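Going in written order, the chains are labelled A, B, C, D, E, F and G, and every chain counts its residues from 1.
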Amino acid sequence: MTVPLGVMQSLLQKNVSLLLKDNTVLEGVLQSYDEFMNVVLTDTEEITAETRRKLGTVILRGNNVVRISAK
Amino acid sequence: MTVPLGVMQSLLQKNVSLLLKDNTVLEGVLQSYDEFMNVVLTDTEEITAETRRKLGTVILRGNNVVRISAK
Amino acid sequence: MTVPLGVMQSLLQKNVSLLLKDNTVLEGVLQSYDEFMNVVLTDTEEITAETRRKLGTVILRGNNVVRISAK
Amino acid sequence: MTVPLGVMQSLLQKNVSLLLKDNTVLEGVLQSYDEFMNVVLTDTEEITAETRRKLGTVILRGNNVVRISAK
Amino acid sequence: MTVPLGVMQSLLQKNVSLLLKDNTVLEGVLQSYDEFMNVVLTDTEEITAETRRKLGTVILRGNNVVRISAK
Amino acid sequence: MTVPLGVMQSLLQKNVSLLLKDNTVLEGVLQSYDEFMNVVLTDTEEITAETRRKLGTVILRGNNVVRISAK
Amino acid sequence: MTVPLGVMQSLLQKNVSLLLKDNTVLEGVLQSYDEFMNVVLTDTEEITAETRRKLGTVILRGNNVVRISAK
């Protein structure tokens, strides 16, 4: 069994989609993470029900994350 | 007595259903977990009151989990 | 004085009723617990204001629990 | 100065009233407690704005507690 | 500089006013506290927008506290 | 780089403005703080959308704080 | 892989944009941070849906942060 944070390792440099607790989705390339699920994305796009916006490099605080998936 | 996380061990590679705090249900094959109830699912489907959607591999942050059951 | 988690020990293999923070009630047979009040129930029924549903074996994350009582 | 948890010691085997975060009141005999304010009550009654209900023995998770007073 | 919990020491046996997260105010004599801001008040009165009620001795769980001031 | 709590050191005995999570603003003279951002203010004024009220000395629990700035 | 807090190191003395949980945006020059994502900004502007306001130097408590990006 690979632990969940180990699976994040396999997503490094890949396009990922993050769902946040406020229902915002962030899409970008996963550059790094830590044990709190703080993550860094590059080429990030923020997608809400109404808008789609480019954000560039983003540091996201882990406690806002619901789930992460490959895109 | 097998502790709760030990019971998760018995669900590895099985179909499970996760209820999240926002009432979303995720169904998929349990690949891994850790002591925070962070989990990894494959062949995941997200089921809300209105929608059903395929998500593939998902890393879920444990603090969003209400309960996990075999499916 | 028996500490609260010690009282849970006396409920093992008994029918218990759990009230969750979202007002759902889970009834089932207590199989295990840990210091976070993560619990495992078998023969679980989920009871909300409108519905009653069989869930089988359930792993419940402790931080959703309000209270546990014998049934 | 007796620390707050020491004052709880003086309430053991006494009738107490607990106010919870959801505004429910639990009244019962305090049997035990721990450092998280997890408590065990016997002969518990649950009192909400509309209802009054007997619950017997109850294990209450501390993070739902607002305050405890002698009754 | 006296740290915040040291300032609480100077309020022991004094009338204090506590604002809670649900906007309730508790007034009473501060008997004890700990590092989580759990506190014990005697001769407590609970004051809400509509009501004023005597509660006697109260053990208050610290995570409900917004602020404490001398009265 | 001076860490954030070190910057608070430079605000001691100065007029500060604190924004709380419930949108209340507290203005006063910063007397002390600790690593949880618990703070003590003197000559405190509480400012909400509708009211402005003198509170004297206030001990504020850190987890209610959004931000602190010099005034 | 540079961990997320390491990426914050690269933003020191740069203009950054912080999104807070209450949807407020703070823009300013990042002066310092710690492992809780407490941060200090100078020349800060607070931007909400309706207003834009200068705040000068601000100490922000980390648990209010959703994300940080270069501006």
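Here is the rule we go by: a residue touches a chain if its C-beta (ideal position, glycine included) is under 8 Å from a C-beta of that chain, and two chains touch if they have at least 3 such contacts.
Just so it is clear, the structure is predicted and the values come from calculations on it, not from any experiment.
Asks: Taking only the C-alpha atoms, how many degrees of rotation bring subunit A onto subunit D, rounded to the nearest 5?
Replies: Fitting subunit A to subunit D on C-alpha atoms yields 155 degrees.
Asks: Just curious, how far off is subunit E from subunit D if you go by their C-alpha centres, in Å?
Replies: Between these chains, centre-to-centre, one finds 19 Å.
Asks: Per the centroid of Cα atoms for each chain, what is the distance between subunit B and subunit D, given in Å?
Replies: Chain centres of subunit B and subunit D, defined by C-alpha means, are spaced 33 Å apart.
Asks: Tell me, which residues of subunit G touch at least two other chains?
Replies: Within subunit G, the residues that touch at least two other chains are 63.
Asks: Can you give me the ring order of the chains, beginning with subunit D and going next to subunit E?
Replies: Order around the closed ring, subunit D first, subunit E second: D, E, F, G, A, B, C.
Asks: Sort out for me which residues of subunit G touch subunit F in the complex.
Replies: For subunit G paired with subunit F, touching residues are 12, 20, 22, 26, 31-34, 38-40, 44, 55-61, 63-64.
Asks: Show me the residue ranges of subunit B that touch subunit C in the complex, using the header's touch definition.
Replies: Where subunit B meets subunit C, its residues are 1-8, 11, 21, 37, 62-63, 65-70.
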